[in-house]
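Below: a set of structures, written as structure tokens.
Heads up, the next two complexes both have chain A, just with different partners, chain B and then chain C.
Entry: the complex of A and B
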């Protein structure tokens, strides 16, 4: 509510009172700006100005170390969208987001519901699933390399054991993205599970008992009658958070594949890093960053607009 | 015809004995209140009847059928929760429809949009909507059907909860302190509405409350539970006039009944250190305590019963009547009397009072705190 609207009756006062109230409201407004000021300045300095700079860079051909900078208009964007290899980074990122968000939300919700229904050992399982969240990915990547190694990896050895041929998971065009998606799901599972556990805890037991009396005698029907609808706000939150996290996928690509083979696992953030810090093409990297930011913005707006009305009661 | 039978039900939580062997017989269309202080096990007993909790021993029969191994859905009961437990994401109409949808449609038929494809699901949905509208009309919530529970007042939520419970005509309606979340005025109104609803629908009702006024005004019979044990079951008048024990007598009635130690035997009555003659009516009885309700302590000069002189300790004016607290002699025993305003005005002028315990209304209790039925003894004397 904008300042001053809490006192609608002041609009009907006589002139003297009205001017008195207005100056009072002016004062309130000034105080409000005073309080909001420091945070606003900080926001402008650290977020808005850098973003604006990026937008400006994106329209130039600046390369780091070059003295002459030319304004090139939308040429960087045209280059990005006309190069199939570049386009692939956007497609890879969107596929990665779709698969990991769906996978981690479904799995973490199932795990949370199962853990909550356990008669014992809940703390143990909670800790096990939360482990990837508290450990850094770069360290855990070693473990993944060990598992996925084509000849000595645990996965291929197990597959050979049951008579199946393994893959070179991280260096095969057809398996590299699915493998990265799986690793992404594994990474996000624990955090999402904790959010769902908190959501589950907030559902009063009365609802389950009411549903049981109303005729939802199986756990399955109670899930659809009570748990799923009442978790709506939590689920929306988890989906948004996961999507934003998945969209920023970087570590696993940088550590495990470097976008290989032949760009098959390249993603937006990694190509920004490559263009900007590898080839020092600041202008082009800025253009990809703009694409990255805009896609993120659209994704978030669509999710919130679409879902906010439906899940809140 | 008997509708609910609870036979020697026991329940422990860990080492605390919550129910210590409760037996109840409730007939069809009866309205029974389970009355007891908070923590005495009322909710636990109700949950055992509903099948939400499993008893450690004893059994529950509903409509002549043992239901010990049946889940809540198969017991043909409905429960109104203290919190109402209305599903917050569903409208009032959808809330009331849930018990019907769950029972009349299979999981597949419940899928949204399916009633457009299946004729059977469509007719069922239509019947459900009709039943919902009907019960909503009778609970006077027809105009609220499209609202969500978050947009309802306490009293309206209460009505929706009752409608959801009654819509499928359960053989037993269970209610757990349904009025405790309402303000005092609304509580009085809802009390009458629930009684009226019971009269119209005639569902056998078990109503849990810690509020004796609710129990007294609403119930056909009251079951007084203290400390996990059923102390007494009877009509409100029986509970009030012939309490089974000192504990029941003290729990029911406000202000509390006066309990005074005494010796009563063939030699006569000694009360507060004084022997009383002229208590002919009590001849032949023996007791360790007398109980006398505040309204039966009078300042009448005439009448039968022992009189004592006491000092006025405090006066409370209640408008239509007044309460007087008085201390008897030097013994320090306090008694409470309920009087009309005339007596109150006179009492204000003095600091002592001579009161009479109406012999006809005196209750006698033995050493074991159980009531002695002296009218029977009197009959033979």
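Entry: the complex of A and C
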């Protein structure tokens, strides 16, 4: 193998000639690791190692405070999927994702198209719809609690005013999830609207004029012939981003229902909180975290694919 | 004819958007209105937007004096500022290295950043909690700040931005004899102002409003951040004064909402540019 034998010689030759360069390069390498070191170590310590640890914890029956820890294999996962109450948390989370994503995407697209069509007042409406995004959600959730109060809440007072019977929205099995979903849509709508507004800005005005000349006389038909097809990549992107956000639903449940009544509004992240930090069942909570992480990773990978598509578009 | 049709379309858009805006703003109206009411006025048979007599003085003074609301706000400021400062200090040099220095191991470093980018913080909660609890560090500022001490997202964002800064500029500074450290803070930082602002808004909004992590590590009201403070307040006031609770929520939501109204475009850019992180 002449090539293989030749290689070290050539390299050595280079070494001699480039000694000055190499020490410069070495110094640069040292600077690089010095600069990147703190961030790298912190990333590994706060994110990467802990998330790997989760996979080990998930295979144990560790209860925080107890010294005896047994390896139980997949027993935690079996427990999670065989208990209807726990399975319900995954189902609730997925229902929440499906409803809030559909609702907030349809509504935010409509709002964005309407705002874009206005001759003035765009900044005002954009601010109004975006307001929940910057509002401390926990504080706003306590306001929603007041609005939804069965006797003195504004919602039931209004319903009574028009002669309808109200509900105990947050404590009734049949209304609790829809109510949380509506609050979620209220919270997410503004964020999605801004992404759609950016997408709409990228569509050239002439396309609409061309469509109008071609016979798309109503705003409705122009929407379906121009806006919708050209907004396709943005829409996919918004759907996936909202799904990732919605999948992390925690605060509305923690503040408004604590998973009640009887687990009817329990979601993944809240059950991780309850099992892990309430009952200190580290092993079991870790198993739920693994389920949470893997589902999110799938969504994130889909997002990355769409994000790439968006760039190439 | 066409102009008239256009006007009608505008009118229709305005009407629909205004109706939607009423629903979007309803919670804010209820919050403000309730913060002016006594408990008796709250139970009045009809909803009064502006009650008479006004009880805002009682409510706001109760919110500020009976619960350590000022303390919650101060905690929030300390935590947000602490997190942001450490994040910028660690992320900027790392991003600079990734963008402007060619060295062995750069690919590995970038792979670590990308991997970290995929991990949501909630996933790390249990192991981080175990470590903090074993070290008796729960209920401290360290516990509230340390887990967020660097941000993969900040590194990623800054790297993208720094790559747009011409290499010639950096090389010229090197020729002038500037050290790499000086280049980062004196040459790159001033140019990266838009990216830093955007990330700062994202970080502050996220951590001021975060409930999950404070709920995990905070055990006493004294260490509560604003969202957790609202919960303490609510549980204390259950059946008590809703007016005072709403006065408290007004005080806690006001800083970010006012900042948003003053710098709308910066907020929207910051939050949506970084919205990729979700």
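Keep this in mind: the second predicted complex is superposed on the first by the 250 of 313 C-alpha atoms of A that agree within 3 Å, B and C clash if a C-alpha of one lies under 4 Å from a C-alpha of the other, contacts with A are read in each partner's own complex, and residues count from 1 in each chain.
In this section, a residue touches a chain if its C-beta (ideal position, glycine included) is under 8 Å from a C-beta of that chain, and two chains touch if they have at least 3 such contacts.
These numbers come from a predicted model, not from an experiment.
Chemist: Following superposition onto chain A, is the placement of chain B relative to chain C best described as a clash or a fit?
Modeler: In the arrangement built by aligning on chain A, the partners chain C and chain B fit side by side.
Chemist: Per the contact definition in the header, classify A:144: touching chain B only (first), chain C only (second), both, or neither.
Modeler: second
Chemist: Looking only at contacts as defined up top, I'd like to know whether chain B or chain C touches more of chain A.
Modeler: Partner with more touched residues of chain A: C.
Chemist: Check whether A:69 is in contact with chain B, with chain C, with both or with neither, and answer first, second, both or neither.
Modeler: neither
Chemist: Return first, second, both or neither, reflecting whether A:106 touches chain B, chain C, both chains, or no partner chain.
Modeler: Once the two structures are laid over each other on A, A:106 reaches no partner at all.
Chemist: Per the contact definition in the header, classify A:204: touching chain B only (first), chain C only (second), both, or neither.
Modeler: first
Chemist: Counting only touches as set out at the top, which of chain B and chain C does A:232 meet: first, second, both, neither?
Modeler: So A:232 only meets chain B here.
Chemist: Counting only touches as set out at the top, which of chain B and chain C does A:215 meet: first, second, both, neither?
Modeler: first
Chemist: Quick one: minimum Cα-Cα distance, chain B versus chain C, in the superposed arrangement, integer Å.
Modeler: Minimum C-alpha separation, chain B to chain C, in the superposed model is 6 Å.
Chemist: Could you list, by residue number, the parts of chain A that touch chain C in their complex?
Modeler: Residues of chain A touching chain C: 25, 28-29, 31-33, 35-36, 38-40, 42-44, 46-51, 53-54, 57, 64, 107, 111, 114-115, 117-119, 121, 123, 125-140, 142-144, 146-147, 151-152, 154, 157-158, 186, 189-191, 194-195, 198, 219, 241, 244-245, 248, 250-251, 254-255, 269, 272-273, 276-277, 282, 285-286, 289, 292-293, 296-297, 300, 307.
Chemist: Under the definition above, what is the set of chain A residues touching chain B in their complex?
Modeler: 204, 206-207, 209-217, 220-221, 225-226, 229-230, 232, 313
Chemist: Under the touch definition given earlier, write down the residues of chain B that touch chain A in their complex.
Modeler: Answer in residue numbers: 50, 52, 71-74, 77-79, 81, 83, 85, 87-90, 98-99, 102-103, 107, 148, 150, 164.
Chemist: Going by the contact rule set out above, which residues of chain C touch chain A in the complex?
Modeler: By the definition above, chain C touches chain A via 9-10, 13-14, 16-17, 20-21, 23-28, 30-31, 34, 42-43, 46-47, 89-91, 93-94, 96-98, 101-106, 109, 112-113, 115-116, 118-130, 133, 146-150, 152, 155, 180-181, 184, 205, 208-209, 211-212, 215-216, 226-228, 230-231, 234, 242, 245-246, 248-249, 252-253, 256-257, 259-261, 264, 267-268, 271-272, 275-276, 278.
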